[in-house]
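Look for chain A in each of the two complexes below; its partner is chain B in the first and chain C in the second.
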Partner chain A sequence: MEIYRVILCSYVFSWIYILSGLPLTLSYRTTKVFNFAHPVFITYGAYVAIIANEVLGKRINLVTAVLLAFVVGGLVSLITHLLVFRPLSYQRVSSNTYMVASMGLWFIYQYILYIACQILTRKYGANFLSYPTIEYEDVKLVQDALRIGNIPQYIITASLIGVTISIALYILFNKTVLGIALRGTADNVTLAAVSGIPTDRLINLTWFLVGGITALSGVIWVNFSGSTTPDVGLNIVVDNFAAAFIGGLYSLPITAVASIVLALIENTLLAVLNYYFGVQPTIRLAIVFGIVFAILVARPPAGAAGGLPYRFIKRVSKK
Partner chain B sequence: MIDVIGFLINWLIYFAIYSMLAITLNLESGIGGITNFGKVAFFGLGAYIGALMNTYMLLAISGVDVSKAPPYTAEGVIALTRISISNPALVLGIFILSILVSFTVTGIFGYLLTYPIIRVGAGFVGFTLLSIGEVLRAIYINTEFVGGTYGMLGIPQPFMWINNTLLSNICYLLLSISILALIYIISHRILYSPLGRTLRSIRDDDIVALCLGKDVPKIKSKIFFLTSGLSGVAGTLYASYVSSVNPQMFVMLVTFNVWAMIIIGGSESPVGAVVGALILTLVERLLSLTASFYEYLPFTSDYLRPVIIGLIMTIVLVKYPRGLFPMKPPKITKSIVKDLEGKIS
Partner chain C sequence: MNKGASITSGKKLLAFVVIALVIGLAIGYGVGYYTTTLSISQAPAGAERVYTLGVTFALSGAVSSVCVQWTPVVTMAIDDLNNLTKSMGLNIVFKPYILDDASTPDGALKNVQTLYATGVRIVIGPALSSQVKAVKAFSDANKLIIIAPCSNSPAIAIPDYIFRTQPSALRESKALATYAVHEGIRSVVSFHINDEFCNVFAQYFKKYFEESGGSVLYDMAYQAGQADYGSDVASLASWVAKLRPNAVFYCGYDTDGANVLNHAADEPVLRGVRWLTVEGFYGASEILTQKIVDFARATNIIGIRPVPIANPLYDEFVEKLKKYGATPTLCSENVYDAVMIAGLAVLRTGGSSDPEVLRRALIEVAKTYYGPGGWGLFDENGDRLQASFRLWTMAFINGTYQYIDIGYIADSNIVVEKVLG
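Entry: the complex of A and B
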């Protein structure tokens, strides 16, 4: 069994789940919208890198890809909020309505991407519906300069993006006035507004950050996966939501830890099952779901993901 | 020349099957407050149960060695066609049995699922059920005796022995419409019964319902058993009509379509669900009928449909959050007023 490979995969998947799970928790905390369209941002991030790669003649830099993906992901997210979620919030609809609307958006974005892929495939001749791994030019230069060519490039890309974003988020939320205002808005919008914080603008900013950061996990994905399809987000969504739920849709540190643990368990179990029982990797989803299910039954989640009354019943009946 | 009668029958059968899904989704989500984003899981399970019973059981009873000619091979399909034309009573009997088994098994599956899901919040319920659909699909793909990726073909339609395609399709349409009518009546009865009122109170505020002494988890489990079972029946009808099942049929898009139906129609009333199903199945059938006209497009027209339906759904949600045909409050008749006055005095 290739322990080396399992560790590498777990490492990369950890960063991908962290970069997509943290924004999900952040968006729920701030706006109380459970966004089923969230995985679309991952896919869009990946496809921005792919399209830029084709346009630039297969010579793309990591910096370019990151900037483009961040801006496009952020804009898609912001537009979604302005056109759909904000009008809905003015009407004070139930949380179910938000979920259904986000599901509708998911399908709109997903199939628009399919259409775009078909058109681009005809134009550029490359197969956009299953695109091979992208190599970043500037990362290659750094690798050559530091003589670390034997380390897979995706490890460096994931570390660079992941560590930078984590530090940036930590500084933003703990050391800046803007971050404190963002946290204030997330905890209680009315109180924040009364304190003179421009909550509307900060919610817009949160959505932009959510889309932008999530899109970066797509930039890592295209550097790692041998075949990127428009279903990338769909394949990551279960782990993504699971990590956010384990964090109770509230705690960013627990979400990050949950992402790492999920990535580790999932990759180890897949390797073990494949090595000893010849199980196909397509069963990955069932494994993740098994883990989630076990957690659900053993310890129903607290916070926003939990159903308070039923846990209350349990406690009463035990007495 | 377009075959108008054939088109109408085809559309109405699709309408009946999707209406069943929409009415049950309306009952569990619009009225019961369970955000079921995994409708396709129960629909698909019902279809696979129907497919398995109508093929394996039929072959086994007719004395065909299933291990030599399994239904997903050409020999199996030929044997199935022969039997379904020559032995109508057996085919019909197994079909009715498959509907009953499908209702029970899918219902129990839904009931068991409520054990974990009633303990968590709405977001997690939606996500868990959505994943269940995808997990079941992964299982179908990796299971050989249900045909794996290619699925199963040659599932006999119960009226295939009638030597006229039009007549056998009309019979199937009548059967589907009668099952739809039955489901509509059940749904209507529940809606205006004490159970329906309790369900609506749970949807609006489950803590209040709990404090008023309603056993919320039990009521949700009950309603989920019924709606899951009925979705399974719709699945069995679908499998027999299209005479094939494969994992690609039961993707999340199906759930999304059913949600779009109840959103457009109005997510509280069964009438809204039926109207939503009528509109969307007509749009879908017309688009598939005219697919050949889209050849000049630089992309497959299949991708355009979800975008159009998604746009309609989102616009309706933003403009009319209660749907185009929202449920009216129950009429207060003179007898109710008199009754109340009597109680007050």
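Entry: the complex of A and C
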């Protein structure tokens, strides 16, 4: 069995799900908004890289793509919060209203992108509705210098972005005052405000980080996939939400583990089932979600599901 | 409460309900009459009469990169129809009403319902066979004429109100099987998207290939609408490594096709076998990358597509389309023919909204229509009868990556005109 390529796919998908799932959990923890438009940030990140690639004459560096995608994704997310979610929060609307609003935003963002793609297709003569793989020039240089051209570029890209962001998030939340303030705001915004923490600013920063980090999974995507379409986020959304739900929309480590498990199930497990048992890959979603349901039943998520956040469960059970 | 007053108020209520019902019926009748005649309105004498042709295309979603390029074709065909009516001194203007169905069966059905509700009686599209299947029940129930320009699944070759300007894939699958055997291919692994067209094509290809002495060693379908198909391609590589077929038969479309071929190019085992394919991704620009074209040359990938051989009208169509800022993609010529046949049928009936009259007119017009897609004649199922096929591949020629025709198949004769290295 050609297991090597399947494992590579699982590896890349793990990072894509982690980089899009963690911010979804983060945004819910901090604002209690379940943002259905979240996958749009993946798509926008991918398209920032694509547009930059065309503008730069198809010679884009990973560093450029990362910076642009992070800033654009972050700004779109922040603007969404300032123009939609924050005004809704002032009106003290129910969570259903947030959900409906975010679904509407999803469609709006999606069609804005379609319109942009059609305009850009005319301007640059490239097909923006289905764009081929992008190779990053600087990664190619590194590969040549280190003589590791036989390693697929997307493995290097995913590793660089994934590891860097993971370390950065760990340091931010565990080693900095800002991160502790962010966690405080996420746990109890009223208490944080009373304690003198500028909660509004921190919530703005959270939304910026959420959009920015999610957009980076799009930067990996265009380097990995054979075709990027405006539906990329839409096609990932189910796995993305599943990972976040398994993490109870609260626990970042469990969301990360769930992302890896999902990527392994839908790539490696399915390939094994196909090869050894003749199971057709067309039932991928059924198998993936059968296992997700089993996990949810065996270990119900906390947080959004109404239970206590994971880190409190142990303390309560000890008592 | 006073009983007399109650009876009086009851009578008043009853009278109000009856009056409201009568007014409602009158309004409903008026609206119904207006909407059913809207697309082919009876204008006052001397005034311009507008005929609306409904269009549902996949302007977003899986096959959008091909379908967005059909919109200029519709514009061109409508312009040609309007020039024709002008030259005939008719005060008639054709207008398209184009809706996006997002490449989904549900989207196509909603669009067809919307178009019907606005009075449209002939719809051009949808693109995919799965979408045509989804609108069939509505078309049958309402006698709404559908002219699908690119669907060719044999599963919907049924006498009804659906016409297809693409010949049924039955003959195409037989032609590809004949070509495979002609090339000395005796065993294949079949790999295709799980949809109406590709499932049926793979099924008939298997039937005809095995009747000709070949063998389909394994048939593997992958689910449409995934973000990526990398692990499916890895599974295909495992089967090819295990079964050692002479070739891979592949059926997919533009977006998934680019994805699949891109991943396949990374698999040494998949570069070591020949590939056969259909017209699914022909014309899609995302396929024409160095990586995929190199893969195409390494595997000598050959595709088949239903196009008339040596048709000067097709060449004229290609040149004319350039003025609209477009180049022909898959089924572009069939889109043009669909609009033209629809328009000519409307003119032939003098603007009738009677579906039976329009249906008969379509059949009659198609008998004498010859366009860039060839002779328009429909068979007993409303599918284009004329079927000849070109063989195509991809190559780097004159500094560009392009699709090129290398031969044709007509009446069981296989002619290979070009052999690429």
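Convention: the second predicted complex is superposed on the first by the 277 of 319 C-alpha atoms of A that agree within 3 Å, B and C clash if a C-alpha of one lies under 4 Å from a C-alpha of the other, contacts with A are read in each partner's own complex, and residues count from 1 in each chain.
FYI, contacts are C-beta pairs under 8 Å (C-beta built on N, C-alpha and C of every residue); 3 or more make two chains touch, one makes a residue touch a chain.
Note that the structure is predicted; figures quoted are calculated from it, not measured.
**Student:** With the two complexes superposed on chain A, say which partner A:F241 touches: chain B (first), chain C (second), both, or neither.
**Tutor:** First partner only.
**Student:** Touching A:N96 in the superposition: chain B (first), chain C (second), both, neither?
**Tutor:** first
**Student:** Would you check which partner chain A:I260 touches, where first means chain B only, second means chain C only, and both and neither mean what they say?
**Tutor:** In the superposed model, A:I260 contacts neither chain B nor chain C.
**Student:** For A:L172, decide between first (touching chain B), second (touching chain C), both and neither.
**Tutor:** Once the two structures are laid over each other on A, A:L172 reaches no partner at all.
**Student:** Could you tell me if A:N274 is touching chain B, chain C, both of them or neither one (first, second, both, neither)?
**Tutor:** second
**Student:** Of the two partner chains, chain B (first) and chain C (second), which one does A:V71 touch, if any: first, second, both, or neither?
**Tutor:** Neither partner.
**Student:** Determine, under the contact definition given at the top, whether A:L285 touches first (chain B), second (chain C), both, or neither.
**Tutor:** both
**Student:** Kindly classify A:Y114 by the partners it touches after superposition: chain B alone (first), chain C alone (second), both, or neither?
**Tutor:** Both chain B and chain C are touched by A:Y114.
**Student:** In the overlay, answer first, second, both or neither for which of chain B and chain C A:A126 touches.
**Tutor:** Only chain C; A:A126 stays clear of chain B.
**Student:** Which residues form the common part of the chain A surface touched by chain B and by chain C?
**Tutor:** 114, 118, 122, 280, 282-283, 285.
**Student:** Flag every residue of chain C that touches chain A in the complex, lowest number first.
**Tutor:** Listed in rising order, the residues are 59-62, 64-65, 68, 194, 220-223, 225-235, 237-239, 241-242, 254-256, 258-263, 266-267, 269, 284-286, 289, 291-292, 325.
**Student:** Within the complex, which stretch of chain A touches chain C?
**Tutor:** Residue list for chain A touching chain C: 1-2, 5-6, 8-10, 12-13, 114, 118, 121-122, 126-127, 129-133, 152, 221, 224-227, 229-232, 235-236, 266-268, 270-271, 274-275, 280-285.
**Student:** Given the complex with chain B, which residues does chain A contribute to the contact?
**Tutor:** The touching residues are 28, 34, 36, 83-84, 87-88, 91, 93, 95-97, 99-101, 103-105, 107-108, 110-112, 114-115, 118-119, 122, 238, 241, 245, 249, 280, 282-283, 285-286, 289, 292-293, 296-297, 300-301, 304-313.
**Student:** Quick check on the complex: what are the chain B residues that touch chain A?
**Tutor:** Per the touch definition, chain B meets chain A at residues 29, 33, 35, 37, 115-124, 126-128, 130-132, 134-135, 138-139, 141-142, 206-207, 210, 216-217, 253, 256, 259-260, 263, 298-300, 303-304, 306-307, 309-311, 313-314, 317-318, 321.
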